[in-house]
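Some structures to go through are shown next.
In the two assemblies presented below, chain A is common to both, partnered first by chain B and then by chain C.
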Partner chain A sequence: MKLIKLFFVVSLFFLAGFGQRLSFAEDNLSAGDIIARSRLAFYYAGDDGRARVTMELINKAGQKRVRELTMLRKDYAEGGEQKYFTYFYQPADVKDTTFMVYKYPDKDDDRWLFIPAINLVKRIAANDKYASFVGSDFTYEDISGRKPDEDTHGLLGKEQINGKNCFVVESMPKSAAEYTKRISWIEAENFLPLKEEFYDKQNELYRRFEAIEVKDISGIATITKRVMKNIKTGHRTEVAFQEVEYNLGIEDDVFSERYLRRPPLEWIR
Partner chain B sequence: MLSKLTKLVTGFPKTTIALLLVVSVLFAIQFPKIKIDTDPENMLEQNQPERVFYDKVKKEFGINDLLVAGIVDEKGIFSPDTLKRIAQATDEILKIKGVIIEDVVSLRTSDNVTSEDGTLTVKRFMDDVPQSPEEIERLRNDLFGNPFFVDKIISADAKATSIYIPIEKKDQSYRISKEIETILKKELLPEQKYYLAGLPVAEDTFGHEMFVQMGITAPLAGFFIMLLLFLIFRMGIAVVPPMLDAMLSVIWTMGLLIGLGFTVHIMSSMIPIFLMPIALLDDIHILSGFFERYPEIKDKRKTIIAVMKGLYRPMFFTSLTSAVGFSSLALADIPPVRIFGLFVAFGIMAAWLFTNTVVPAIIMLMNEEKLERFFEKRQKKTARFNRMLEAFGRFSFHRSRAILFISLLIFIAGIIGIYRIRINDNPVKWFKPKHRIRVADNVMNKFFGGTYMAYLTAEAEKEDEIKRPEVMAYLDKLQGHLEALKIVGKTSSVADIVKRINYVLHGEDKNFDAVPESRQEIGQYLFLFSMTGDPNDLDNFLDYNFQKANIWVQMKGGENADMRDVEQSLSGFMRDNPVPAGINIRWSGLTYINKVWQNLMVRGMLKAVLGSFWIVLLLMAIEFRSLWIGLISMLPLTLAIILSYSLVGFIGKDYDMPIAVCSALALGMAIDFAIHYLQRFKSAWQEFRDIEAVNRFMSGEPYRAIMGNAIVISLGFLPLITSTLTPYVTVGTFFALLMFFSTLATLILLPAIMRLWGRFLFKAPVLPGRGLNETN
Partner chain C sequence: MDKIEKNQNYNSKFKILVFGFLFCIYPSFFVFAEEFSLQGFLQTNYSVRIADDNPQGAKQGNLILGEERTQFKASFYPQKSKIGLFVKTDFYHDWVEDEWASDFREGYLDFVDDKFALRIGRQIHTWGVGDLLFINDVFPKNWEAFYSGRPLEYLKMGADSIKLDYYCDIVSIEAVAIPNFTADNLPSTGRFHYFDPYPAITYREMDKPHATFDDTEYALRFYRYIGDYDVGVYLYKGFFGSPAMKADNFNSPSAISHFYPELAVYGASAQRSALGGVVSAEYGYYDSLDDRGGGDPGIDNSHSRFLFGYQKAFPSDFSAGLQYYGELTHQYSQYKDNLPSAFAKKNELHQYLTLRLTKLLKYQTLKLSLFAFYSPDEQDFLLMPEATYNFSDNLQAALGANIFAGADDNTALGQHNKNDNIYLSVRYSF
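Let's look at the complex of A and B:
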């Protein structure tokens, strides 16, 4: 009993000291603030944007599958509604497949998929946020973001990653989610996540996200190379963003069923 | 040379014993390093082509070791309370470390793809536990509307559900299965039954039972043999030398096996039980001779030297032939069988060493006064048994022609019986029918698509070829053919997934429950599927480059014969329906692997039996300096083996691994009786020069010694019948039978032959005198 008490006191002491040092280090940003700002920096850069994306899905044995796509995004409210349009070039037999998402802050997304082989636009229910995005290690949630108030956040401290100062934030889901704990390393300067680690139901690390390359594009810090690795299966996905552009003034009607069938050529080359 | 050893040993009995005990300690200290191996795949060589292919299939298709938990509620599982319990249990199971979370297949974790109001929906069957009757009805329709999951996670009668739990490493299966059991016990009601099946569980249980075997059955067999020895000699102290011999040879053999780093497999765990009775056979001859001669010589050392002198040759040859019989197992292509054979052979030769050292040394240490007193009592007691043996001896001698005629009839009937033998095995049946594992296996096969897995891999020459519509359609048709077979419960492949998506995308129109006709369509459906689940959802069925597809064939029976039938039926199908160009189809999976090693076993054992037959014949011809006597010495055991195996054929018992192994062993053991008989006959003939007199002599002490051997060797294996594992039971019963027939054949057939031709077989002696064999 005594030992437990002693341990308790000691840990309190450490916690107090730890918190104090942090408050000196940063200008009173809470963990929740950091996560909210990170979400804006990562998912809401500019008012709209376009990128040519190459995804390499690599299994444990080193075999590869390639996904090549153009992604268009338009924001309707900062931190709120967004629309995505995706056109696939690769794999060859899915060329001309398109995928569209309307993202709402407080309800399930609307999703549509155009299947060219049978000339069919199909609505897809979006109740599984944790499903894989086109077979990659990214979930839909990883691609389009998660609302900060779905987790409780705690600041673990500050660490450097590749010489960059990062906040280390621990996030625990309030209700059942795909992970049971997430730890994010968020760069203090631009609020981009440089590393994220996801823990599963067995409280074991199973996925790790890493930003490999960050570039300044029209004054906006952008992660142009990233990798998500499943530690347990050895499967990983490497993503490269090319031809990234922001604030293009993409019209509303691009994000419509009509364009799903006939992709907007001015945006997709 | 050996007589010098006997003189030395009997001169320094205590030193001899001490020296051997010290060496034995060196072997004994290896024991803690023991490693148990229960993997049935290890029945095949590491580089055996079928095994290499199976390993490749497992790796390429991400097939992990699988535990299957079955939950049965006789009232049906579709009630809010039962479903809640199932959901809670599943959630808890996911938390067990070592469980591969995303690959668990169950009501709670598996996705259903449906189309509702024109919207494609992918969701877990039971994300939320249904409460209202409508919700429950919906879940029921979802499940039974998706053929992929019927008979897999829901039984057709809705009374059972199962959870498929892949695990990261096989060596964790024991802990994980215990944790699963705890969870199921806690979450379920007492009237809801659960069953745990899956290969890892079976292997663990088997490993445990093997320890029980070695720790309980083997010592039990030891006690039983001790009892038999006591009944034969009626003297407590006489039990000590053979028992010590047996124990030391077991210690040396197992110590060497473990020390050299070999794993203890099902076969090698039987070594102690085999070795014990074999090891002390020669000792029975020594003791029997010693007790016979001691009253007249009245000096322990002189008696031993005199008795041993007549036994050097037969003891050496009986040991050698037994060792040859066992080491002939090295001709089999099955590593555990090879190791078993070679190490038992080593053990037999070690026992021969102890027979020549420890045994005479201990006899030297016996109390002379006690011996004297014992002999006075013994004379009267054994008279009745002696009269029986004499009558037996007269019978076989005087009815010689009838005996030969009947033997010929048995021989012919035997051949017919052997032709009726059905070669078959099923490792799950290595457990007795009431065993937990067998019960679980039966229940799971009753409710679901079958627990015996085989895989069919279609491999193309180029990437992406599996997406060709004709390939996909062929897989579908092939599955249809397999599922029409009674023994096949369920098949699953990428074709099922493509068909399902086609059906769902077309508003669940039955006309589209088929493989699409264009490659684009197939490619896009698979792409769509990859957008709905985990990156590795398709892994089990499709390789990364779309070059290989894997069909899961779940069978309701794991008999090798079942597998053979399925295989043949498929070959027929493939003959009538040619495989699309550039595609190669090949079997693998554990059920198939079992069939492969069973075939190797049959061929290997045949090689072993024939091999040891020729070697033993050669040894006999050398031993007796006569090809004819060599051939005659082989007759009784040949008859006994044919008779035993024809019984297997007539009774309809499957020719399985244990039965196969017995044949080669029986040969090396059964020849012993003939060796002793013929050696004694030869020396008696040289003394008496009269067949009738020789026969009278033979039915005295020589018969007693041979009978003593026969009793120990036949009954010594009987404790195996108490085992919980059927291979031990089979070996115990069958070996006892073999030895019983061999003894009978030797004591009936050989005297009959000797009466008719004995005088021509043995040449005139150079030196007359009883107990001398060194004639040439």
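Let's look at the complex of A and C:
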């Protein structure tokens, strides 16, 4: 009897403790914390990663353009410096083109583009973070992330999306940005953004991001299908991530002029 | 009955064999497909002189360029192999010459190892940080293609060469040997007006460097990324890309011939992100080995070339680039004292300013661009506006113009005053 009582007390203690931790996770996180953790979950998954990415750029009339690429990423500090290497398979006229980015948290990126037809490595200006990535509805900033302290964040509440508990966070840029307001639905369990809505100067909704498919890859929740739609133009970009892998031990020298000129075959196939 | 069963047996065995074979070949086909790639394009390209004042020898009136072209590009890089192969070749019909021809653009073998890579064959080399201004990039260029509205890739020509790469954290090295000299392709008779100091003498012999050990060109590049800078150091020993002149008497010649004088170039470049954009600088000392004294009017004097560039990207897919370029002639007094009266006189410091503007529209399917060269000392310029539209991923059209003007008709750009042209190219890529 004593044993049962003890068991009961211990269970209660644990339950209470667990409950406390749960409520801590949900209640004591500020909107800024949520955005910061979301950025790590979305842009810094693993220490490095690789994915074969297919982007379909679809206009209002349904005409489709396709971008197919392999993207390699290596993180140098959690939430800090990263290097990206991109190799293009499609469209035909840019096949074998490579693109490399050194991303720094507090200054403009370094970017290089390799144009195979003239064997030219070209350094390109990088402060156009709101420019479209390869003609899609995603901006460079959408692809590589935005620092949390560039916006002020407020927690609007909690909502469910497809049965998943989400924090709803409103973010307002501190200085001029591509949007004037962003609302993010961030899944409470893994901090991935399941939906984002971007508002323009007229305070009208003009872009919407949605995660269509989330998969567990080596224990890391990963958005494998996503769509960005421009509400105003009707143009949308559907993106599928295939062959996603993390923690591959990608060597540092992959992100160098050598591999821009001669793509690293072991990584791009 | 037995026979039928045997037949059925045979049939099913055959089917298993075929399916087995297909099963084996199917995945390997895809592996192979990844390793082998065949691509190319079909293209039409026309360029028409705006004015009706055509040069002597013009074959098709105002038509500077008119052609249908197809390109095939094949590569084979087997998985886990250190060897690869790449070939790029064009076939075209030229309306100006009214001929069918081919153009073997590139073709090389690659051997790749951990720290080394070797590339043997016809290949395009591109170095330096200038935008359409070349200092340490001494490799062959096709200026006629550039001035007549061909796509940019035709500005560079392949050189039959051997290239050895050495990759190292401290400094990487690219070493090129070109046993078979390829000259720049300059605007030619019949297609372009250009300045000639002695138009009366039409017969000219041309002496090219030979494919011998002595006439082999060597080029070296040392490069690394250090402290946010891309730094390069360059060495070259070979020949000027455009010909010099030999005459029995430069003041009243009766015989003229052309040749490619020896040249060495020592240079350096640096490039980094700064001032909200990218800043570049490049220098090269052109050592005119056949005329170090500077007294031979037919050969360029030794000179220094330098450039500073700045490019910046702005919101909504707009970018701009500015460059300052200078060419400082050494032994200028010798140059001046020996200059024949028929020649155009160069300033001691010859300069260019360039401007590039690029705007992308409609989800980057429409590109509007302008490139401009302007020389304040020679008072001439070249404007190159262009609009490119992608109808689809495969179909692209470009419409543009090359507009030349100058105070004199004997300067680098001013001599092309009457060569203003409008061009169109339509390309289907596959």
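What we mean here is this: the second predicted complex is superposed on the first by the 243 of 269 C-alpha atoms of A that agree within 3 Å, B and C clash if a C-alpha of one lies under 4 Å from a C-alpha of the other, contacts with A are read in each partner's own complex, and residues count from 1 in each chain.
Following the convention adopted for this analysis, contacts are C-beta pairs under 8 Å (C-beta built on N, C-alpha and C of every residue); 3 or more make two chains touch, one makes a residue touch a chain.
Fair warning: this is a prediction, and the values are worked out from it, not measured in the lab.
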item	value
Joint occupancy of chain A by chain B and chain C, clash or fit	clash
Chain B versus chain C as contact partner of A:Ile124, first or second or both or neither	both
Touched partner set for A:Glu78, first chain B, second chain C, both or neither	neither
First, second, both or neither for A:Asn59, with chain B first and chain C second	both
Chain B versus chain C as contact partner of A:Ser132, first or second or both or neither	both
First, second, both or neither for A:Asp216, with chain B first and chain C second	neither
Contacts of A:Asp108 with chain B and chain C, given as first, second, both or neither	second
Contacts of A:Gln202 with chain B and chain C, given as first, second, both or neither	first
Segment of chain C that clashes with chain B, given the candidates 149-157, 185-193, 221-229 or 257-265	149-157
Those residues of chain A which chain B touches in one complex and chain C touches in the other	57, 59, 63, 65, 91, 93, 117-118, 120, 123-125, 127-128, 131-132, 134-136, 235
Touching residues on chain A, where the partner in the complex is chain C	57, 59, 63, 65-66, 90-93, 95, 107-110, 117-121, 123-128, 130-132, 134-136, 235, 253, 256-258, 262, 265, 269
Residue numbers on chain A that touch chain B, as the complex places them	57, 59, 61, 63-65, 91, 93-94, 97, 99, 113, 115-118, 120, 122-125, 127-128, 131-137, 200-202, 204, 206, 230, 232-233, 235, 237
List of chain B residues in touch with chain A within their complex	59-60, 62, 94-97, 99-102, 111, 116, 118-124, 127, 168, 464, 467, 505, 516, 518-525, 527-528, 530-536, 543-545
Chain C residues touching chain A - in the complex, by the definition given at the top	34, 37, 39, 41, 77, 79, 110, 112, 117, 123-126, 129, 152-153, 155-156, 165, 167, 169, 172, 223, 225, 228, 230, 271-273, 276-278, 280, 311-317, 319, 360, 363-365, 390, 392-394, 396, 427, 429-430
